[in-house]
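By letter and in written order, the chains are A, B and C; residue numbering begins at 1 in each of them.
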Amino acid sequence: MNSSLRQFMPERADRYFSGNSAQRAVARTLFESVADLPLICPHGHVDPLLFADATYHFESPAELFLIPDHYVFRMLYSQGVSLEAQGLAVNEGEDASKVESNHRKIWQTFAEHYHLFQGTPTGLWLRDELHDLFGITEKLTPSNAQSFYDRIADRLAAPEFTPRKLYEQFRVEALTTTDAATDTLEHHQAIRDSDWSGRIYPTFRPDKVVNGIDQPAWKEQIDLLCAVSGIDIRDYSAYISALESRRDFFSEMGATATDHAAETPFTEVLSPSEADAIFQRGLAGKASAADARRFTAHMLVEMARMSSEDGLVMQLHPGSIRNHNAEVFRRFGADKGADIPHALDFTRNLKPLLDRFGSHRSLRLILFTLDESTSARELAPLAGHYPILRIGPPWWFYDSINGMQNFFAQVMETAGIYNTVGFNDDTRAFASIPTRHELWRRVACDWLAGLLVEGQIDDDEAFAMAHALAYGLAKEAYGL
Amino acid sequence: MNSSLRQFMPERADRYFSGNSAQRAVARTLFESVADLPLICPHGHVDPLLFADATYHFESPAELFLIPDHYVFRMLYSQGVSLEAQGLAVNEGEDASKVESNHRKIWQTFAEHYHLFQGTPTGLWLRDELHDLFGITEKLTPSNAQSFYDRIADRLAAPEFTPRKLYEQFRVEALTTTDAATDTLEHHQAIRDSDWSGRIYPTFRPDKVVNGIDQPAWKEQIDLLCAVSGIDIRDYSAYISALESRRDFFSEMGATATDHAAETPFTEVLSPSEADAIFQRGLAGKASAADARRFTAHMLVEMARMSSEDGLVMQLHPGSIRNHNAEVFRRFGADKGADIPHALDFTRNLKPLLDRFGSHRSLRLILFTLDESTSARELAPLAGHYPILRIGPPWWFYDSINGMQNFFAQVMETAGIYNTVGFNDDTRAFASIPTRHELWRRVACDWLAGLLVEGQIDDDEAFAMAHALAYGLAKEAYGL
Amino acid sequence: MNSSLRQFMPERADRYFSGNSAQRAVARTLFESVADLPLICPHGHVDPLLFADATYHFESPAELFLIPDHYVFRMLYSQGVSLEAQGLAVNEGEDASKVESNHRKIWQTFAEHYHLFQGTPTGLWLRDELHDLFGITEKLTPSNAQSFYDRIADRLAAPEFTPRKLYEQFRVEALTTTDAATDTLEHHQAIRDSDWSGRIYPTFRPDKVVNGIDQPAWKEQIDLLCAVSGIDIRDYSAYISALESRRDFFSEMGATATDHAAETPFTEVLSPSEADAIFQRGLAGKASAADARRFTAHMLVEMARMSSEDGLVMQLHPGSIRNHNAEVFRRFGADKGADIPHALDFTRNLKPLLDRFGSHRSLRLILFTLDESTSARELAPLAGHYPILRIGPPWWFYDSINGMQNFFAQVMETAGIYNTVGFNDDTRAFASIPTRHELWRRVACDWLAGLLVEGQIDDDEAFAMAHALAYGLAKEAYGL
């Protein structure tokens, strides 16, 4: 029965392009023009250790594909497979007896639930990675799972399968990591001290010393900040000095950007005395939730001020309620697939920051969203006006074919492509990077092909825009 | 002039499929594979009397198609046709002199405004029902309206046109009704006592004894609850006992689910003493609007608790401001096409419930929305993580081709299809049920065809997903 | 390399139609049936002086296309080109030394940034205007910019290039302007006094005497209102009388509509004494921001009351935070491309107005939105029920191909096309009017073509709907 449909499935080279034959032909030509461009990876979460250690190898297929990937384990969890059965470590003090340590079993469990990923970006990434990295062309099933495991494991052990060699094979031109303000950047130092020429740079992410001033963990982070900065942080001005000092250090280590997460894009300018009063309450363990909200809001403006002075590109990632599942957070910790978006308001919340810095000549602020309804309504009009603003690519739940198509449809008419910053993979899964960039490039070229066949752009424009979206915009936006 | 376009209109068998010939061919093949599957109708509003009375016949074409259908009469009302002219009864005490009782006249008025439904789902349903049930292939016009009326009326009077016979003709496998907590389920009992083997089950919908504790009507409902439960409800714990007793009765009568409507998905856990204090104020007629809001929020959690114990699948339908038109509500009562959606927040509002029951092993909570902006932003991430959650199909204003296409585009990438529950028709119009399911199946198959021609899924996956969306998911989700 | 794509670019006659050949063929036929219909322009911002002065000529290409167009200059501003360099005048007291007065230089700067408009509606409008009005078929580049400037300037100076002659050439049937409540309508009087038969009518827009009662500027406007009405406005009832008197004057001058902008659609009914108390605080310069918000809300209901009596169609344009960029507002004034939308709630905010007038027999209220998430969720259900409501076309940032496609997809299934009001160009750029209407007609016909090839509508319906969307609905809705 199935064979009658096979004829309508595209060649692999045409995947993710429109079913319309003219649009597909245009998309293919555009994609060919950008397929071999180097990869710019200006925002991600790859561990720099992978490059500091010249002989690093991935431990197992489960370690490579499953255990660190919240897209994967949260889907199985949603269908009743426990996180322990998927090999996730529990927090100290929690019962660890049910944590599966046999990676073959974890892989088998995954294979038995692989159908859950039908029609999802995770399914596409996995399929394409198995194909491109491991030459696997069949679909994963419970019965072939163990033989695939063997094939992947063999390849992981091969001498050419180190992150450094993959970096070159993938044609990465530059890759940035995300690092706490208190990070010593020792792995980055090791890379710089080595004879390897890959461009791995840190990104300054001070969330832990900025957010949550009402939480005990914040005070511990301030202690760490004292230690790494060598500054005795007893008041707000010392705190600012310590942050500036850390930013300088990150810049020296190659950073070109900072990154900031917040539940909302709320910004507010506090007077120095207000800021210090809240800061002192934080040090004394007496800050309130309202204090924390206002302090984060103030520090976003302060970070914009610092960026206007030191030139680090500022990124803002708002909109996720982190660790929404209280039980999972207690037992397994943060980042376990339970970060849930909510509705955002950029228009009013960013105004205090923009009133100060919106037209600054040497500041760039890249905005990301998890609320698609803000894309056409707020982000595109804001970035289509304010000189400092650019719009980041579809993020997280929107790093998908529909997410990208919506992004093009919702942002570009008002902001134009030149107020956007191309793609970033935002991943900790290094091996998935070429797959993700290829998906973006395919979907971008298909969008442009649609504009061309509908008479909105001509061929010259299509080629130029494809190059910009695939490569040029990201490189320029982050100064890489 | 028109004839030049006729050639581009599809065969009837291909309606609602893409204009792209490859996608259409795939959609047709997929649809053929599911077209004859039985219908699972796990949520709707058909009157069980239709099946309790073995000889029930529909009164007239106007009674079948127009008078009970808020999709129809609100559209004519929006264009200046009074509700009286459409045969809607007024409340006691209101002037009934202008209520049209001649069903032929009502039908004629409808035919004169039939163009209002161009490009609407109501227009498609009506057209397809006229075709499939009555063999009418021409378009309804003012001039053919009376002859169509005759044809339909003749058929309605035919011996085979009883709901029981239609149930079999439609290949319904199971159908649930929606019933107040205080309902005696006498019609369901009559069906069980009969020799007819159709599977008609009740659904426990306690809104009237849960919502509006600040309204006089609530107290009347509690009196009814006392009467049917045989429990003297003088405090909150007796109230809970009465509800549990009613749930047990519904379960005995075949119910597998409950249903809950609320203006928002706000949940909150009250202490027993707080809950009882509000309850006592309700009994005394002294509850406030804030009391009502909190009591509903608390009772949603309490209903989840009961479902976790008795296994009834819980459904939540939030987001409609009911009876928005004050004048229409006063004169004609509830459900007159004036229920208007508003923006929702599931992420924060559901957290108290999810903190208690989000990972429960034997609870299932199906969420519906009237705010499409929550689909990708909140529902898909929530259902893609929490084991208890599933996402209900596009509801009400979104039970349409665009609504379904948006649903597929917005939900599936993050949640996967297996965190959704297939289709339900949610209708009180029994005769429209096959039409609605066919529309869903067509649109679902067309979506899958699009994924296939774009290389996102293969043929095996497409057939499996088509079956799940058309039949399997609904059956499994509701245990039918 | 590029030539391989040329073959896939459509004929100019097929631009903005689907790439699907069947849909395109249908769209072309439908478009041909409406392409030559007269233009109804029921809402816009063209200066009536253009028609009062029989010999008016546009000053230069920069004056025609660039300097007054906030779509254009905000885009260049967002990429670092100052507003001064684009020829925008600064406010009194600001440094005017850098304002470019050489229109050739402004044009050149624009040409050097023309790529910013790739894939934007502004890019399409400009391209089509250059083609249709000036016969320019090549793309604007820095190197051809000056020769194009010459060609355009020559044509602008030609005797047939007056607004009155263009009005006829464009086949405009009626065009309305937007005028302050205090406007003397002298240009409209001059048109009426002339021998020219063009139909140019005013629209009553009282924002400046209604909004901002807490601002000094409001009091100045009230003084103006006293002067033009001849009424000594010392209390709320005199204020109402003055407004009613102005509305009568506008009606006499041909107005058929009013227009109202507000940050939100919030409505509220104040008692006469409350209204007068706020009004008195406003006169005394002591009104608060809360007063201003409530007064606007009340006045929207009051304007609905007046419309129900004098028959002027009421338009409501909510949702923009005006003059978001504080620095640009201070230096350049209002309307400089820094008006940013935010999330709206029509459902609750309009209820007080609808409670009073929702089912009125002789009132029409047309709603516009800048928050697309309200289209399917709120506007379509509201307009699909309330007799007084109609939905205005996609506005501002949504006056684009995607905006129109979204509008059709989000509004029509629930509201039907007959609860919408066709198109309006909403522009101050008179020469762009045919281009904008043609874009709308093309996109509307393509939408209908999609419905036809998918079997949702037949050919008769498609032709009727195309005519309504292109012409009939706007004419009927505004009584033009």
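One rule holds for everything that comes next: a contact is a pair of C-beta atoms (placed from the backbone, for glycine too) under 8 Å apart; a residue touches a chain by one contact, two chains touch by 3 or more.
Not measured: the values here are computed from a predicted model.
Residue numbering at the chain A/chain B interface overlaps only partly, since under half of the positions present are found in both copies.
Between the two copies, chain A and chain C, the C-alpha superposition involves a rotation of 120 degrees in steps of 5. Chain A and chain B have CA centres that are 39 Å apart.
Shown for chain C are the residues in touch with two or more other chains, namely 18, 20, 343, 373.
Those residues of chain B that touch chain C in the shared complex are 1-6, 8-10, 12, 14-20, 74-75, 77-80, 115-121, 124, 139, 321, 324-328, 337-343, 370-373, 397-398, 400-403.
Touching chain A in their complex are the following residues of chain B: 18, 20, 22-23, 25-26, 29-30, 33, 343, 345, 347-348, 351, 354-355, 358-359, 361, 373, 376-378, 380-387, 389, 409-410, 412-419, 449-465.
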